[in-house]
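By written order: A, B, C and D. Residues from 1 in each chain.
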Amino acid sequence: MTTAVDAILVGVILTSFVLLGSSRFGSCIRVVALQGVLLGVLTLAARQDEASLRTTLLALASTGLKGIAFPWLLARALRDAEVRREVEPLVGYGPSVLMGLMGLVGALWLASRLRPPGASVLPSLVVPVALFTMFAGLFLIVGRRQALMQVLGYLVMENGIYVFGVGVVQGTPVLVELGVLLDVFVGVFVMGIAMFHISREFDHIDTERLRALKDWTP
Amino acid sequence: MILALLLSPLIAGAFAYVLRPDGPRRMLLVATAVGHALLTGATWVHDPAPAWGGWLALDAMGQLILSITSGLFLACAVYAAGYLGREGHGTRTDIGEGFLFDNAPEATFTACLLFFLAAMTLVTVSQRFGLLWVAIEATTLVSAPLIYFHRHHRSLEATWKYLLICSVGIAIALLGNFFLAVAAAGGGTPLPLVVQDLVGGASGIDKTWLQAAMILFLVGYGTKMGLAPLHTWLPDAHSEAPSVVSALLSGALLNCAFLGILRVQQVCAAAGIAAFGQELLVGFGLLSMAVATVFIPGQSDYKRMLAYSSVEHMGVLALGVGVGGIGTFGALLHAVGHSATKAMLFLTAGNILTAYRSKSIREVRGVLRVLPVTGGLWMLGLFAITGSPPFGPFLSEFTILRAMLVQGHSAVALGFLAMLAVIFVGMAGIVLEMAQGEPGMDTADRPRREPLSAVMPAIALAVVVLVIGVYVPPPLRSALERAAHALD
Amino acid sequence: MAILLAALGAPLLGGLGALLVRGSWRWATAFGVGGVVLGSLVALVPTVAALLGAPVLALSLPWDVPFGAFAVGLDALSALFVLPVLVLSTVAAVYGGGYLRAHHGDDESPGTSWFFFGLLVASMELVLVARNAVLFLVAWEIMALASFFLVTADDRDASVREAGFTYLVATHLGTAFLIAMFVLLGGGADPMNFDHFPHVTNVGAIVLLALVGFGTKAGFMPLHVWLPEAHPAAPSYVSAVMSGVMIKTGIYGLVRVLTLVGPLPGWCGWLLVAVGAASGVLGILSALAQQDVKRILAYSSIENVGIITLALGLGLVGLRAGANDVAVLSFAAAFLHVLNHAVTKGLLFLGVGAVVQQTGTRRLDTLGGLLRRLPRTGLACFVGSAAIAGLPPFGAFASEFLLYVAAYRAILALSGARALPAAATIGALALIGGLAAACFAKLFGIAFLGEPRSEQADRAREPGRAMQSGVVVLAAGCIILGVASPLVVRSLEPVLTQVTALPHDAVDGELVVAVTALSAVVASCVAFAIVAGGLAALRRRLLAGRAVTAGPTWDCGYAAPSPRMQYTGSSFSQPLTTVFARVLRVESGGAAPKGFFPARASFASATPDVAREGLYRPVFGGVRRALGSLRWLQHGEVQLYVLYVALTLIALLVWKIGPG
Amino acid sequence: MSALHTLLGLALAPLLLGVINRTKATIGGRIGQPLLQPYHDLVKLLRKGAVYSHTTTWVFRSGPLVGLAAVLIAFGLLPFAGAPALWSFPGDLVLLVYLLGVMRFVTVVAALDTGSSFEGMGASREVTFAALAEPAVLLGLAALARTTGTLSLSAMFAGVTTMAWIHAAPALALVAAAFVIVFLAENGRIPIDDPTTHLELTMIHEVMVLDHGGPDLAFILYGAALKLWLLGSLLVGVVVPVHTGRPWLDTMSAVVAMFVLAVATGLVESSMARLRLVHVPQLLVAAGVLATLALVLVLR
């Protein structure tokens, strides 16, 4: 049981590293889709009771959203935006991966500080992976120029949280979880729209040029 | 009754979206606002019954924020009805750079306004943390189109920043929810993540995880509330959104995020680690005031100035709760005073903007002569927002200061006063420069008269500010005390 | 007490009425003036009674604000400061009726001005009777805001806006200090009524905060910067009230707080003496160096506040040293000077205001020969100038005389270092006296005597009857306060007992000394008048039947002397300003005449405020630069904004959770 | 006795001027004017009519009257030869100083009333030096008050005895020195001012009264003489503490001392040159410093 979970978690880590290192939008989107699918599987694997309707429902929803809907949406946005396919990074790929490693170490260290409280047993890897994935997502947002990559980063971050959610939290009723998924969905949707507008407004989705509003002129 | 509060704006919003003719839609907007306000008023008469098995309930804290939101929304709805009428349809030239742009469809705008109200109401009534989170995220999503009402690149940029930064924050807050769940499971049997249950079974909550959760919530909701250094989206969004939206963001939305933080702090207090959250709040408070101190003096855009002043006052709220004791009471009172004042200022700023067609302070002179009422309110707002007697914010800031010195935070008090002083100098310089003197524009293109719908809401808010400055009604006071009591 | 509330309400309602009927000129004025006058008339009797020691009128109503209560009381100390408010506000209101009329004809209604004037008067009275910290602060700030709007009444003028801003900033920062002071003073009291205040330990901090907070309003050096800006900018009837009574609320607050806190540390008296001496000497020196008539008066107000502070400080020293005579005489001098300065400075501002209005200029060096053109106003201003210079037989001399006597008694009573404040008092007071005489000889002599130096000075005429009446009444007041000074001092007994907290008969005994001395002074002055009259009669008899002819002024052989050859104000004060050049920093420049047949030469000199230029400008500039250097934080890069969030999160987690 | 002293002063004051002028003449090797010349001048002036400038107002005309009246009242407060003054009360020293202040004020405004630049110049110098001289007087009197332990001039000067000198010689000496400077400055004598020159630019007191004539000028001259006597007797009161029980002896010694002072003044005037105006303030400040020093000495 836990071995399966751990395996999936390792998969999540790997996908995150791939994202940090990859240089083309297309591949990024595909990797994110893969990560989504992994999470769907995780939802089932991490359950501590036998497969209830709840978990299966959740698994389906998450796979559907994270694995299919978002990638499709983003791919469309990418197509509409007709941008060059390279991810002009603010921080190079090598350094990015390096940062990723540091992030992983930090996540492990921080997780070691957070002893899980008495009763709830949780797979050893869950907390560090969740934190790491979150940091990776944040790093993608900070370290990449295009709005698209930032949406992807946001998704990865969301995934990390989701990992924590399914891995640790059992008590939360399905309604909230679905609400969560829905919100993420709408969030990404709205961001997609915004991205669309940006591309139409500036014929690029390079947020570095979104700098008209500031209180400082060097 | 709670469901009515929730559903009325929701349904009205849906109608507004499909309603074609402008007139009825604006009527619908105002009518809904009135109805909502009346319902909110009714909650003061007798407490509403909890709904959904205690997921939705109205405690003192929620009632306070709900009343602020609802009252503000009423004023803004009236203003918006007139504003939309004056905006009209069709392509217009940008006041800043002179390019052409359209407005978002008015139906969408109105609908989003009403959804916004619904979401904020949900924030105030939801007792369940997950639901609270959903509600706050919802406010972000429905307010984004409001900011992007004027469809040009600056407002788009503002919207993008707002979306991205707030979503990141919200995501962090979600993790906070999960951490809270873990902490709640500390006692063996997992507690449901409902405020009352957590407060009830606080003894069993795991401290470390609760602290971690507090940090995550603080950073997450703090982003939304505009605490420095998480405030960065705020000046852009407030300066680019239509003034009426800025008023709602500053006056209502920030309080909702604040409520989120208060809920967690409530649990922390029950679990006996109130000091932990308070320490962080004091830090964020001082930092926020410092940021305002940096950016208000010498500011060149008066709407940005107001935005930074919001950052400052969010800092004051954080400080008030942070020092605890009577300070919590002061902070809640300050929330009321600040919301009314700031909304009034933004609506006034909107009038100035429409008259002078410029957000640059340098190009606005002699408002008192061009728009007597607006100018008067503008100066009154200055004195109110900077905490001069006899206006509301004075009492609250006085209370907070007193709490600081009584609790022995002399250094904090010193910094508090010093930064307030610098901010006053900065703001007074700007506001007087704008209000007084000889207007640059020639009398020909001065507006003939100030439309009622543009000044009445601001006047009403000004009256509120003045009244709570000289008289805190006993019911309000008791509500404040109950809410403050929940936090220590 | 109801009568006092009525007194507070009348100016307010009058002002509101004026605001409502702002359309009609006559009605607005009627409401505005009527309200103030009515209020003063109502309050006059109870105030005088309270001053003479009638039982304290007190009232305390619940007030639904945190720590608040509507607690007011009229004791002797309050009454002492309320009385001049009543008198001066009435006179100023009547004067203002004429002033506003003449100032901007019918085009602009005076409704707003009257509203704020009523507000100012009411708030001043409320400040003086408030017995609750919150109420006091509210009244204090309303007073500041009302006066601010009165100062900036003519905001089309950039200099007026500048002055208003300076005033606003100064008063607001001062209030911040007061808020902190009251919070410390209030301890845990709720409501924060003055009589609930607990015994405080950190008296030193409280006194310093009060000194700064109230000193900003009163105009202590170097907190005075707003006075020389705001007083010239304000309409004259407002300047009169602000300078005559409003700045005294600062003195009142200081005294009130000193009576509220427990036993004072020894350095308080010394500090007050130092502050007073500095304000007095620097104030009158700066006044001497000015060329704007109203700035001269403003600086002279700083000087007089300095004299009052000097007296208070010496009183504290006396109390501390157990020299009751010194204490009683000093405080008597201080309180007497409060009354005297209110009347005298009010008179001067109203008189000079008439001149400014008639000539349309405030530059002293463009005036001249006005005594022939405004005989009544001129006579009144002569009285005012002689009085403010502290010359007998006018009121101000009585108070300075008392202070001298107190200081000399301290010299006799105390020895060693403890007598140094007294020595300082004598030295400072003597210097101030001489400089004040010089300053006001200049003001009166250059403005009213000689030949007019400009067209508009030549065209000036007496102002309307309302304005004249105000000036004349106050001039009479100066003389009465001088001649009746023994009575006035006698009537200060209750307030002195209250402030010094000495036994009743002790105060009485010490006052007898003052009264006898002052009576002797008055007697001498009467003799003086008689002798002068006799000499006048003698000269009339001598000149009877002899040739009394008129000719040109002796011009030492110059052909065709012109008015521009007269000595100007700046040249008159030049020797003194050069003697004190080190502290005054006079800036002068121009083109000296060159060659055998010099082309037109020029010379100009100005004396900017030392504290403003040397202290505040640099400090404010530095703060602004420091803050400006942090603006890069808001650089507009959304990724980095997200980075802020991430870093904050990580930092907090590592800091708080890391240690485990 | 007091009344007689006052009359003596009123009568002999102009003679002091005569003595000074005569001394200067003698030193200068001239016969000089008769001793009683000042009296002749006064009488002559009192007989004359008056010329008033068009510019002037009542201020100009009341100047001489008020000035003379002020100094007369001050005379009433002046103790002479250890005997009390006509009337006295604690603190009368302040009144005395301020009466002289009144005299100065009215003279100055009268000068300004003429609108002549010369008189304006004189007025400005007069107020400058007076402002600097006043602290010296009042602080010196404070030192005297401390040594004698009283607050009224009469008691003070009765208290300055040989015993007092024995106890507080240095302080009294300093006070005396300060008073000498003040005496010279206030009476417009060399080295501060030159009463005999007629180059207006250099004069202080004389130039202020250029426009006065007839009885007014007489009043002014007489007032100046009285002021000379007044300040002189203050100085003498400190320096010559002859208090034998016998009034006549005291009076005689004091009067003699006054004329010795006059002669001394004459000697100073004929042996020294006028200081440059810019140095006068330094001299007066020095006087103030001396007085302060005296006060500090007696205070410890």
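Going forward, contacts are C-beta pairs under 8 Å (C-beta built on N, C-alpha and C of every residue); 3 or more make two chains touch, one makes a residue touch a chain.
Remember, predicted model here, so these are calculated numbers, not experimental data.
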Any chain in contact with chain B as well as chain C: A
Chain nearest the global centroid, as defined over all protein CA atoms shown: C
Most contacted chain pair (by C-beta pair count): C-D
Farthest chain relative to chain B (centres taken as mean CA coordinates): D
Inter-centroid spacing, chain B versus chain A (mean Cα positions, whole Å): 30
Rounded Å distance between chain B and chain D, as computed from the means of their C-alpha atoms: 78
Mean-CA-position distance for chain D and chain C (Å): 36
Between chain D and chain A, distance of the C-alpha-averaged centres to the nearest whole Å: 100
Sequence positions of chain C contacting 2 or more other chains: 631, 633-634, 638, 642, 645, 653, 657, 660
For chain A, residues that touch 2 or more chains besides their own: 113-114, 138, 141, 150, 207, 210-213, 215
In chain B, residues with contacts to at least two other chains: 160-161, 164, 168, 208, 212, 235, 295
Chain-chain contacts as defined at top: A-B, A-C, B-C, C-D
Complex contacts: residues of chain C adjacent to chain D: 368-369, 371-372, 382, 386, 389-392, 397, 401, 404-405, 407-409, 411-412, 415-416, 419-420, 423, 426-427, 429-431, 433-435, 437-438, 441-442, 444-446, 449-451, 513, 516-517, 520-521, 523-524, 527-528, 531-532, 535-536, 538-539, 542-543, 546-556, 561, 563, 565-567, 571-576, 578-579
Touch list for chain B against partner chain C, complex: 160-161, 164-165, 168-169, 172, 208, 211-212, 215-216, 218-219, 223, 229-230, 232-233, 235, 276, 280, 291, 293-295, 297-298, 326, 329-330, 333, 368, 383, 386, 388-390, 394-395, 398-399, 401-402, 405-406, 413, 417, 420-422, 424-425, 428-429, 432-433, 436-438, 469-474, 477
In the complex, chain B residues that touch chain A: 128, 130-131, 133-134, 137-138, 140-141, 144, 148, 151-154, 156-161, 163-164, 167-168, 170-171, 174-175, 177-178, 181-190, 192-193, 206, 208-209, 212, 235-236, 239-240, 295, 299, 304
Chain A - residues contacting chain C, complex: 90, 106, 109-110, 113-114, 135, 138-139, 141-145, 150, 207-208, 210-216, 218
Residue numbers on chain C that touch chain B, as the complex places them: 63-68, 134, 137-138, 140-142, 145, 152, 155-156, 158, 161, 164-165, 168-169, 172-173, 175-176, 179-180, 183-184, 186, 188, 620, 623-624, 627-628, 630-631, 633-634, 638, 641-642, 644-645, 648-649, 652-653, 656-657, 660
